[in-house]
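Each of the two complexes below includes chain A, the first together with chain B, the second together with chain C.
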Partner chain A sequence: MDGSVIRALALSCLAVAVPFGAAAHQLVVFASVECAAVTVEAKFSNGRVTQQGDVRVLDGENNLLTTLQLGRDGTATVPLDSVDHSGGLVIEVDTGSHDNYWIVTPEDIARKCGS
Partner chain B sequence: MTHVLKRVFAALAVVLSANAALAEDRPRVVAVNQALQYLAERLLDGAADVVFPVPEGVDPSFWRPSIADISMVQSADLILLNGAGFATWIDRVSLPRSRVVNTSKAIEGQFIVTQSITHSHGDGGEHSHEGVASYIWLDPTLAIAQAEAIASAITTRDLAGDGDVQARLDDLTSDMMALDATAQDALSSLQGVEMIATHPRYQYFARRYGLSVTSLEWEAGAMPTEDQRAELERLGDELNARILIWEAQPPRAAVEAANELGFQSVVFEPWAGHATHNTFFEAFSYAVSALAKAAKQASN
Partner chain C sequence: MKQHFIAVSLATLIAATPAVSHYGMIIPSDPMISQEDGRSVALTMSFSHPFEVDGMMLETPVSFSVTHEGTTTDLLGSLQSATVMDEQGYTLDYRLERPGTYIFAMEPQPYWEPAEDAFIIHYTKTYVTAYGDDEGWDTELGLKTEIVPLSKPFGLWEHNVFQGIVKLDGAAVPYAEVEVEFLNDRAGATAPDELMITQTVKADANGVFTYAPPSDGWWGFAALNTADYTLTEEGSGEEKAVELGAVIWVHFEEWTGQ
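The block that comes next holds the complex of A and B.
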């Protein structure tokens, strides 16, 4: 394989890669509920893990209950005994450049606690 | 006499409490846009409450629900999704899969792929119109497919009788086909006429009737800024477009400003959010007629 072929190959790879790189991506937030805690996961829609960001936990009246930091694996854990979750929770993740949310209803929590 | 009165009151109490129980027991269907609400109401004919939970003035594509809203949605007997990326909130909550119906699943092959444009307006924060166009129902033939999906979901879940739903679906289909034929006829004069829309809403409508509609990214029903007016003027000259489609009634000053630039304004409510027309058919027919009229005037 000579240099011109490699260059052509590299350029065509770049041409393919650029549209994807230029495409808008979003922050995807997901929260799974267990009886004792809510596990928050955040990643970008291109699959990249979100390594830092604020996790704000709010109640149904938009009162801030607590703020946590995302771990390097893009997750954070909200212990349910640390917040008043009786009216459900809104989990907001903010990376500075992107933000998104997940809504946890009282029914979501009750379902996981077998009540 | 006192005994008689007591019995009457007791009987009334029983009737009232039975009515209250019946009201509570009525099935509830949630729709993510007003068009789906309309289709479901036509098919159910009062057999269930059909709720469109998005407040007036809020774009249902980018609505941010409250916890109470989601509790209500989760407890519905049927949740009607539009598909095609419409209503971003559905990906931010847990929905009961067995009660969720994607009304456009059977027509995904007919989706229109769109460009990615990130912008922000209103309370919904920054967002992008990317992936596929989502106002599917503005092509009546696709709206029929969505109605068929809703009818199937209603009968599968026994929310109304099979025969009744089928008869209503037949009526609805017949109405949609008549609407489509009217539009085909009325819009034939717009072939080759360039139009500009204030927001990207009309892709399926344009494709169905062979129209050329270029979209801006303006706030629904708002007064355009000076930059936006300059953009409209530039685009109008570039395309030789003289018809401007608004998704909501704009302020009079906005219509006058567009008029000064040589545009005729046509309001076409797409029936995603709360519309001023009473029915989908009324809004659609009004827009078709107004577009045909505008084309006639533009050609004079």
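The block that comes next holds the complex of A and C.
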């Protein structure tokens, strides 16, 4: 499954779940790959770190793989050997009042892992 | 013979009319890159008359850099030679590794403009935001001369005002003159009078200027000042004035309402 399919799936899912994402300040979610793990970062658009929230990790077919908690520093770590990432990952962060997502494509992982 | 003389005179007059302004240009493929857009931005650099889509040669810049989260990275060696508006320009595909605002800036070589009997140096920049994070949109780079945005320099609707402070050597320039021009590469806009090709506004006593464009698209703002130094013109060996331009390119989005 390539990144575009993951994006389509994630977007279609989120379009139902999040009809209005435009609050006064939005949640910015980003995930970087360091081969062994994905580091999830969340902050509000006003620059404040998101200090709590649920992190849901889904595969490319929108199946929930695992759930984590954001740390006080607004980050969470997803070890890649703990999830099936062959089809990419969708990382959702939900604070209760705001939510957003980041898509980790297979290309993102391959680029960092050299495979 | 007399008719021929008149025709030549008119042609000379038209060609000599300084109706348009020179602009350094950095135009991104998109000023707001979302994760669905990919992981990079494509930049096109040129020196031109943007309303008339009339290119001029852009020599290899003195510097080309990107600033993100307070770190400036030299990208001069990554520029790719390209033809832009039928003249020498440059392109660059730049990977956006993290969210935030990326400011691309270029210092060109001094351009000798015989018609103005002066050199022109346009310090040119544009702001690109990545992945929904606009932090850093008001960053001041500390260029020799610079327009520091007071309006977020992306995500503006057409007809919104754009405000900025004109700075020279870090200080606001009272009543600075700012020329504004539209990149007319797709819209096919026509000017009823050539005075309307380049719009001109002045800053206030604090160096703050305001402009509201009539349409969506890329608009260039060039604040012009005369340098406190001269450069030697090779042909004559004479010292010539230097026009310093603080140029910022801002994209306005089409209003989607009724």
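The criterion applied here is as follows: the second predicted complex is superposed on the first by the 92 of 115 C-alpha atoms of A that agree within 3 Å, B and C clash if a C-alpha of one lies under 4 Å from a C-alpha of the other, contacts with A are read in each partner's own complex, and residues count from 1 in each chain.
The rule is simple: a residue touches a chain if its C-beta (ideal position, glycine included) is under 8 Å from a C-beta of that chain, and two chains touch if they have at least 3 such contacts.
Bear in mind the structure is a predicted one, so any value in this text is a computation, not a measurement.
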With both complexes superposed on chain A, which partner does A:Gly88 reach: first (chain B), second (chain C), both or neither?
first
Go through the superposed model and pick first if A:Gly47 touches only chain B, second if only chain C, both, or neither.
second
Touching A:Pro106, do we find chain B (first), chain C (second), both, or neither?
first
Intersection of the chain A residues that touch chain B with those that touch chain C
26, 28, 100, 102-103, 108
In the complex, the residues of chain A that touch chain B are 23-24, 26, 28-29, 60, 87-90, 99-108
Name, in rising order, each residue of chain C that touches chain A in their complex.
35-36, 39, 97-99, 131-135
For chain B, which residues are in contact with chain A within the complex?
64-68, 70-71, 74-75, 91-94, 116, 118, 125, 128, 130
Within their complex, chain A touches chain C through residues 7, 11, 26, 28, 30, 32, 43, 45, 47, 100, 102-103, 108
